[in-house]
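Following this message is one structure expressed as structure tokens.
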């Protein structure tokens, strides 16, 4: 943002353009029941949600999709997603998803969990579900904190990260090391697809959307467990101004939880 | 000076939470934050000439504020020399 | 099927399958292990699914998911494993997810956990306590029915004796009458239609069908509990009307007491028994009526004293309530102690009749 | 004498810090104080409430009070009864003092029943360069209008309340409190907390 | 330390540290989070350890290990988190590991879980229920004392109100008298000496010091429970002697009732209150005595009806027992509902005095 | 065993030799309070236990050692080890060990767990403890079954393995894939040493003993979390004659859970 | 008439299969049967007990009986009272029939009180090539000595009881049962189950 | 035939559970299983000439049956030609 820009004239933005123009993309992500979003300013979670919702529509599986939500800020999406939903307890979504999928093998079941939910409380759940090769897709929104409770350290917080209960930064000696969950899951035999994306820039968002696409596609093709980790900004839990979110993410979480595809079953 | 403008956006001011993230995300840098606040007390983005209709703002906005359009024919908008 | 010598755990599995149970999962722990083994053999044969869950926490989660689709689903465990499931059981009650849980308990000292809910918050599970294998076959089927009727978890409180006793059994499906449609079941088919569904314990609804909110959700619990309580208490009584003393006992202990009281009656002793079949709702009225004018109400249970609370709440001072049970286990901790002996029990009842103190 | 002050808003509006500033400020002046806050860790726009009881004698009442002498109203999301509760207004009595953030509080108020003071807190904060400091502005305005505590005490209360990892905000919080105080210069002690005619505040 | 305005959660932490607590661990959940935050700041300052446990299950396990060394150790949670800990709490009671658990509960509907043990088997935890921040400071310290005295887990039953209320507090260590040596603590130093030690819930001993075996281990539970029960019941009563009616309530609800009854007495209404401070052991005798000759015993609790069971067991028919509470929460489910209002409570009590029905 | 051997004369073995001879090794493993062992014939667990006990003595740390046992057949060792012991619940040993170690930093704390205990019920515990870099040693006795409950499938059972509830062999499609736990743990930043040994032959036993030595040494030097997985025979749970145990292990578990050192922090 | 048969031993001795063989065998002959077994999954030498009630009418007694008409005693670990329980012997009455595996059961028995029959079951099994089949031998011996059921019924009971993954053992089990039966050829019906003079069995 | 014998073992017969594992583990193959059973009904190992005192049996035995000795001087034991 250069200061110069604010000197320029203002283009009216209240109404659709009166000139010949076509709309590109939707304003609101598809499959939403409300435009309201109960997230903090600058939160990365709704951005990540859009990548999932758009893919469900584009893959043509929206009408058979089941969401199993963990407990974290994203839980607020339960009411707004126009998707059959089972709200799981904290950490338990992969098992709940397993139960749904086994009874309804034709449904497309995905979990939406945070790092606190998946890598803390429910680490075992996701690993066992992956090793079992369960035909579900797990999506992790990793912001390196418990956003919902106010920004505490999770098992993915990176060394040096300042959180509510590691106020001088996460110290390996006292608090241990972060877990790179996608790397762990990629080690397991039951998995078909593992990737890690981010939503801190338009480019990263586009890549992430493709990852989610592939993961869901694997489920459609019944190739096994698929997993996408998405790094999301949490300015509230990081105690930084919203504008610094993307860069902070790149400098901290992004350095440890590096983006890319880790496992793609042919 | 004329600025080539391939697209435009609408801004749903009341939806905005003033996070500023769209500002640096806009590749041609044609967004800036308002001086006023909306009904919830948040500042919101303002568009200046030069939008490419690239959707970057739309993609990064957590609050579904932008609708993006591409003009069938690009237009030129007048801006003062800076 | 014709009569076949079956262990209790096998009979329970056959009964569950007869009741339409098509999903089971669990984690080994004696004597629940045996139930799991039979399910893992039988369910695939009838087109169902049995998962060897990696832990009890995962078992209860899978059961939640399966039941959320509307399928009849069950799990179970013992002791420690049951405790691990309490978070989910409590929340499934809130989320109105009907499941059946088998507690093949060691002894009777999970009574509090079963009837008060070991989990947090205000919820109750219906608890059915069979006294033997034959009754377990009936109550297992009833459990699935009641779970669906009330959209509430139902617990079957078995034990080592029921699991490991073999009797000649012929499992036949029982018709308990019609049930409401399971139109709340989740399968993805309403996604994207604007009528999508949600199963949740946290009281929020889809934006298109606002619920009563969290406050309403929680406030709605009390009437739901009251309705179950009014409708579902079950009890067996014997010889109570002209008895001077009665003995209250449930499950296997109830089977012993029933047998002993029968023998004592045959010998002309005026003693009767009350055997709660549902532990929750507790048959308060039946116990209250039976206690009217009695010289004492004895409680025989294999625990430090849990059932006795409900007996006191029912008797409300009408007669003295005297414990004649106690903790009794074998060396493996399976809860099959030396107290489970008709002669020992008779001795304790007679001691009370004789006005002596009973020390367990 | 006991004065019950309610603060209501949505997450992110700094309600809890405002309440603590008032409470610690009043305690600093030797008052007895009890403070209760409804908040959870996150800032996702949910309800955040607080109530402060300030008294010149011991407080034996429970921290949730039946009535409010005054309320600082940052947002009206939880003002009227909803499915989420009976709303803040239900706790007011005739004559209760309402400081209303006119920038973000829309609901109509019964100005005959309540003593309503409009403060454009968010706009004032915006003028100071941070629109999120509206509740600090309100603290200053409250000190000015009610004299429940001195504005310097409120600032001292704020200083004691800012958590160690946010110490860098102290200066600008102070500026906001002072700006709020200045903004009501024309209404100083318009609703004095410790005067007796408050006893008119009634159900 | 001089008086300082402290939130309840901070005051609790200061009290725990004053009582010698040097190990804490937990997993965030409002309003327990605040307790964890204060511990994580304060314990390192006093040479203690605070671990940000990865989950509640791991928190309770770590606490087990820390307490097994003889250190004063604590953990806690809320709702779901507490439920997840039930397996360990039950078994720690059996293993005689003294720990303190803070349940910063949402409302009062974990009463059953707290007093009956949400876990499996026969065990009880002592439950201390402070009514406000000042009392929490005292009872937190008492909790550590009682845990060591009885080698039994002790639960402090707080709530959102206590956690989030700030008062001016001066935390001073309290001396509750001498305690037995912790010669059972494990530190490796007796390994290889032929006198090595063991902490176990499963009743087996080292081969060199045979225990009473599993049977003896389990049978020993009943006397242990009876001893705690006889010694530790605590209660506050007010205006009961000449009252026509009494109200029973605990914790924050008790604080409201105490305040309301005081006001009513000032207005000449003959009502009294009983406030159990220990929920287990329940002050049965005090409630029984207080109920003698009363026209009614009211129970005010923020739940669908849990405390009322213990009141009935105590009153045993001496007077009618009437619930005047109910489930009352706020929209966040924190259990701070509109019922917590002196005027609302007074209205309910007056309705009973007037012979009307109370609907919550 | 050739049949010929039985034809040969018998050497008396009731008493110590009357000729000049020195004893090599102890009959009974050190640090035992009783010679009785309550294990099935052919069980590998006592063999593994010997490697630990001998190392504690040889490292000179026996007098400061604390054992934290899981729940499985090896739980029976609680009474016989002359070692301060905390008996943990099923799966929870790593957390309990953490609590002990943090309060008694000078003690040498090790867990003894089975595959059911560690890789099923307590998978999350061991991974979090490892990532935390907790200075404890975890020892896994991996026999690919729940021995104690009668030989059911665990998360380490290999494909095709016949267990009590996978009677036609573990099938990837229905039962999922085995988890190679040592490989997973080796991925984590907090670990100092990870190795996998076995007790199916005298040679393997000797190597395993060295691994346990190194693991404990890492703890002495406070280098982080150390871990040794030991494959043990369970003829009872494998439903095979005891004599076939070692070979069966080599052919099944040993092919998937391959032996060697996976991580050695310098 | 009801006959209660106890079986006692240590894990790995095949007690449960023996009990099932007797129970299913008796059921095969049309008797009413109730069977109870104490076992856990593993075979680590712990207690394993079983009791079988066989009756010519309906059984209304609970499965844990106060007294045993007869007992098959494979090992004496749990015979007398210990810290682990009051022991099997406590359930016997004067005249109870005890089949003792003389190879592995050491404790002295009161041969005046009980009708004791020694069977070297483990040795007989060893002769058949598998020392672990002693309890099958005992089943055959029991059929011979008591006539509670025909030896062929016992074999049928065994067949029905062997789990599917152990079917390959049926042949050698049958051989063991027959060998047990043959080993007591000299004592056939020495303690007949269904004769009335058993009513002498008394406390 | 003379067989060089460097060591020997003692066998605690009553401790043995007859698992047979020592038999193939013995490098020179000088152990065989008894025909009789011990007090718990298990067969147990018998030593033949040729032990090297290598401890393999001791290490693999789960039941602490063997004590192993090495002779100061190896001896030769007589066996019949096979």
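Note that the chains are named A, B, C, D, E, F, G and H in the order they appear, and that numbering of residues resets to 1 at the start of each chain.
Definition applied: contacts are C-beta pairs under 8 Å (C-beta built on N, C-alpha and C of every residue); 3 or more make two chains touch, one makes a residue touch a chain.
Note that the structure is predicted; figures quoted are calculated from it, not measured.
Peer 1: Quick check on the contact graph: shortest path length from chain B to chain D, in steps?
Peer 2: 1
Peer 1: Quick check: more C-beta contact pairs at F-G or at A-C?
Peer 2: A-C
Peer 1: Which integer distance in Å separates the CA centroid of chain A from that of chain H?
Peer 2: Those two chain centres are 63 Å apart.
Peer 1: Quick one: chain C and chain F, Cα centre-to-centre, how many Å?
Peer 2: One centre to the other, that is 39 Å.
Peer 1: Using mean CA coordinates as chain centres, what's the gap between chain A and chain D in Å?
Peer 2: 38
Peer 1: Among the residues of chain F, pick out those that touch two or more other chains and give their numbers.
Peer 2: 39-41, 89, 120, 123-124, 128, 132, 146, 149-150, 152, 155, 164, 167, 175
Peer 1: Tell me, which residues of chain D touch at least two other chains?
Peer 2: Only 40-41, 46, 83-85 qualify.
Peer 1: Which chain H residues touch at least two other chains?
Peer 2: 18, 42
Peer 1: So which chains end up touching which?
Peer 2: In this structure, the chains touch in these pairs: A-B, A-C, A-D, A-E, A-F, B-D, C-D, C-E, C-F, C-G, D-E, E-F, E-G, F-G, F-H, G-H.
Peer 1: Going by the contact rule set out above, which residues of chain C touch chain F in the complex?
Peer 2: Residues of chain C touching chain F: 27-30, 33, 36-37, 40-41, 44, 52, 54-56, 80.
Peer 1: In their complex, what parts of chain A are in touch with chain E?
Peer 2: The touching residues are 89-91, 120-121, 123, 146, 149-150, 152-153, 155, 164-167, 175.
Peer 1: Help me check something: in the complex, which residues belonging to chain G touch chain F?
Peer 2: Touch residues, chain G against chain F: 11-12, 40-46, 164-166.
Peer 1: If you look only at chain H, which of its residues touch chain G in the complex?
Peer 2: Chain H reaches chain G through residues 18, 35-37, 39-43.
Peer 1: Can you list the chain E residues touching chain C in their complex?
Peer 2: 78-80, 82-84, 86-87, 90-91, 105, 107, 109-110, 112-113, 116-122, 202-203, 213-215, 218-219, 221-222, 225, 303-306, 309, 312-313, 316-318, 326-333, 337, 360
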